[in-house]
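In the two complexes below, chain A is the common chain; its partner is chain B in one and chain C in the other.
Moving on to the complex of A and B:
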């Protein structure tokens, strides 16, 4: 808790006071954060392993074993191609894995999501309240404004879509950002003060 | 089957949704086979984005935070190809850095192949530099704005930054004239705002996915001078900047492909309203 408070106070001070030593501390600390972020990948691997192991313990079928092993096969493939060839993750071998497997699998998932989202919206999204009507009206007009077909044959959709984006959306968005910023400020002050409940529980 | 189930109101709400899949697929494929070539209207966000680059004096330094995603390439490819062409057409110094590993690999796959800086008379290390991947996040952006060499000691070919002529006088926000921020996670718009715009008044333009545009707009035109949202606005940049690319084809495919969804969406709601006002049914499926 003391470490968090000292770090937080130093970073806040560095943001507002343009004093060289403080800026130096800020530079070092932000570099540390980059290193810590990289280390969390290893933590994620541990969490994934624990989770996969538990899933397999619950369901010891062959299919579940395939599901459990598959991520590790690909993990090993990516790791070996990044470590075993000159150039590391810049090597043609690693880029082959990236371009032909990772990119395509990812794109496929997003493509499938379109169909599931579209069919579920057709079946469940209804104009049953004022909020839903506002959401649908704004969404439809903004979407139609993006489509060249409507830009050509219904030209007034363009200024209307722009207006929805730049006026009601901006007003609502700014309100949300300000509210979130104030809430973050409160959480930040509580954290520096050592009063944040989540830290007490985990700490 | 009851009489109610025979009415148009019920039928509209109970169409087999696999028809939606089929019609969408046709809508996606048709424009690929036969491009529509419809005129595009350029929006204020795109004009602001283009103008922010166009008004830079010769020799200005542009930092490109390239956090594009390989899975969502269709949304951003037109944006970044058009941006690179516009940048390399001008007398600017361009510094690429990648807060996502996808960004680094996409740069390797596309820079020098789709857009060749040398064909614009640019030389690596003198007119442009690529710094590769670092897991930056918001803290990393803050770090970059203070001390680039604190995050990157070398470029993507492991050449020390001090050996690159362009990097001689570039090490912090004060040395940069424009930030172009590519991102795919909608709330990441706040990273450049908090770490580049607020402390350094850095002129900034952003490019993101179609769904993230509405979250970037509240910062336009005060904090960000322009924005691109999805392949549609990527196409607008191609048209406005006179740098043709793949945007028109991708936009046509997506725009026509989404029409069946909109039609089904309207039918589903007409069915709901019909049932509600005719029989007082208010229960949603």
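Moving on to the complex of A and C:
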């Protein structure tokens, strides 16, 4: 707790005071973050292997074996392409793995998100209460204002939709952001004070 | 003199920090004196829903899933407070799972440096219920870097192992719409929230019970039953009143066109 408090106070001081030695300390600590982050990935790898092995022990089917082995095959592929070719992670071989596999899988998963949004939007916009009616009215006006057909035949929908966006939406959002920021600040002060219960519990 | 030392634009944040630090001192003293209690706060339905969800998981013989976000293990960013709240919830759900003998699966964030804290919170939860032996390290799942690989792994876990309760609290980006909706499709009771306002929409749409924005901090204080964390709620409110005061004064000053005083607010 003492280390956390000292580190935190130094970082807060570096934010408020543009004094070169403090900025230097901030720079060193930022470098440590990168080192700690990289070093702990190995620990994550151990946890991943433990849970994958347990899952296979529970279900010794061929399919589960494929699920278990696949991440390690791709891990080895990425590792070898980064270490065995000149240029490391900038080598054409590594870039091929990254562009053709990682990026494409990522893009596919990202695209699935829009299907999940559509099904949840259907549930959310079902007219089941006064709040749902208000939500659907605001949502429809906000959405329809972007469609040229409605812009031509119902021109007043454009300023009304803009008003929903800029007044109730922005006002409510700012209130929520300020409230969450204040709460975060209180947690921060409690941590600097050495009284953050979560950190005490975790030892 | 002071203005010469401070970086540009940091006077107002410093005043706010001083106000909240002073309030922390006062309210911590009140907390130690036993003047602050959880029953002074309004009830949040989502807290009761967590216990209900654990019961549902036991009845259906399905696991309880806990996720704090693919990048929910941030220990050195502006969002660290959300990581700490997520850890408090993890401790709470571990206690409930130990108490009701439900299987717990924790989907850990890709910041591996937070793993020791996560494991400690789960172990502590089981220990608090006197069931240390029930803790299985394999319940802690790590999936490596990347929000979208995390999403794939989490949804695969819902599909393969089933999901009774899905509790998602913490730092969420585009990982939450897929994981929350998939849990819903697989029949889970979805309870969750994030302090990141931009992603609250996903929780509001996809969760059966939601903690809206700052509510995760309040709920974290309530479930901890710790007077110092509860005192934090009063301190936050004081900060809100201070912000309202600034807004009011700024509005009046702006309307009067007092440029020098208005410039003070920009400091």
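The rule is short, and it goes like this: the second predicted complex is superposed on the first by the 154 of 203 C-alpha atoms of A that agree within 3 Å, B and C clash if a C-alpha of one lies under 4 Å from a C-alpha of the other, contacts with A are read in each partner's own complex, and residues count from 1 in each chain.
Quick note on the criterion: contacts are C-beta pairs under 8 Å (C-beta built on N, C-alpha and C of every residue); 3 or more make two chains touch, one makes a residue touch a chain.
Computed from a prediction, not measured in an experiment: that's the story for all the values here.
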Considering only touches as defined above, state whether A:190 meets chain B (first), chain C (second), both or neither.
second
First (chain B), second (chain C), both or neither touched by A:182
second
With both complexes overlaid on chain A, does A:112 touch chain B (first), chain C (second), both or neither?
second
Which partner does A:140 contact after superposing on A: first (chain B), second (chain C), both, neither?
first
Does the superposition put A:17 against chain B (first), chain C (second), both, or neither?
second
Report for A:124: first if it touches chain B alone, second if chain C alone, otherwise both or neither.
both
Identify the partner contact of A:149: answer first if only chain B is touched, second if only chain C is, both if each is, neither if none is.
first
Name the contact category of A:47: first (chain B only), second (chain C only), both, or neither.
second
Chain C-contacting residues of chain A that also contact chain B:
15, 33, 37, 41, 102, 106, 109-110, 119, 121, 123-124, 173, 177
Using the touch rule from the top, collect the residues of chain C that touch chain A in their complex.
5-7, 10, 13-14, 16-17, 20-21, 24, 28, 76, 78-82, 84-85, 87-88, 91, 108, 110-113, 115-117, 120-121, 124, 136-146, 148-149, 151-152, 156, 160, 174, 177-178, 180-182, 184-185, 195-197, 200, 202, 204-206, 212-214, 217-218, 224, 226, 228-229, 232, 235-236, 239-240, 243
In their complex, what parts of chain B are in touch with chain A?
17, 20-21, 24, 36, 38-41, 43-44, 69-74, 101, 104-105, 108-109, 132-137, 139-140, 142-143, 146-147, 150-151, 156-157, 190, 199, 210, 213-215, 217-218, 220, 230, 232, 251-252, 255-256, 258-259, 261-262, 264-265, 267-269, 272-273, 282, 284-285
Interface residues, chain A side, partner chain B - complex
15, 23, 26-28, 30-31, 33-34, 37-38, 41, 89-90, 95, 98-99, 102-103, 106-107, 109-110, 114-115, 118-119, 121-128, 136, 140, 142-144, 146-149, 151-152, 155, 158, 162, 165-166, 169-170, 173-174, 177
Could you list, by residue number, the parts of chain A that touch chain C in their complex?
12, 15-18, 33, 36-37, 40-45, 47-48, 50-51, 53-55, 67, 71, 75, 102, 105-106, 109-110, 112-113, 116-117, 119-121, 123-124, 173, 176-180, 182-191, 193, 195-199, 201-203
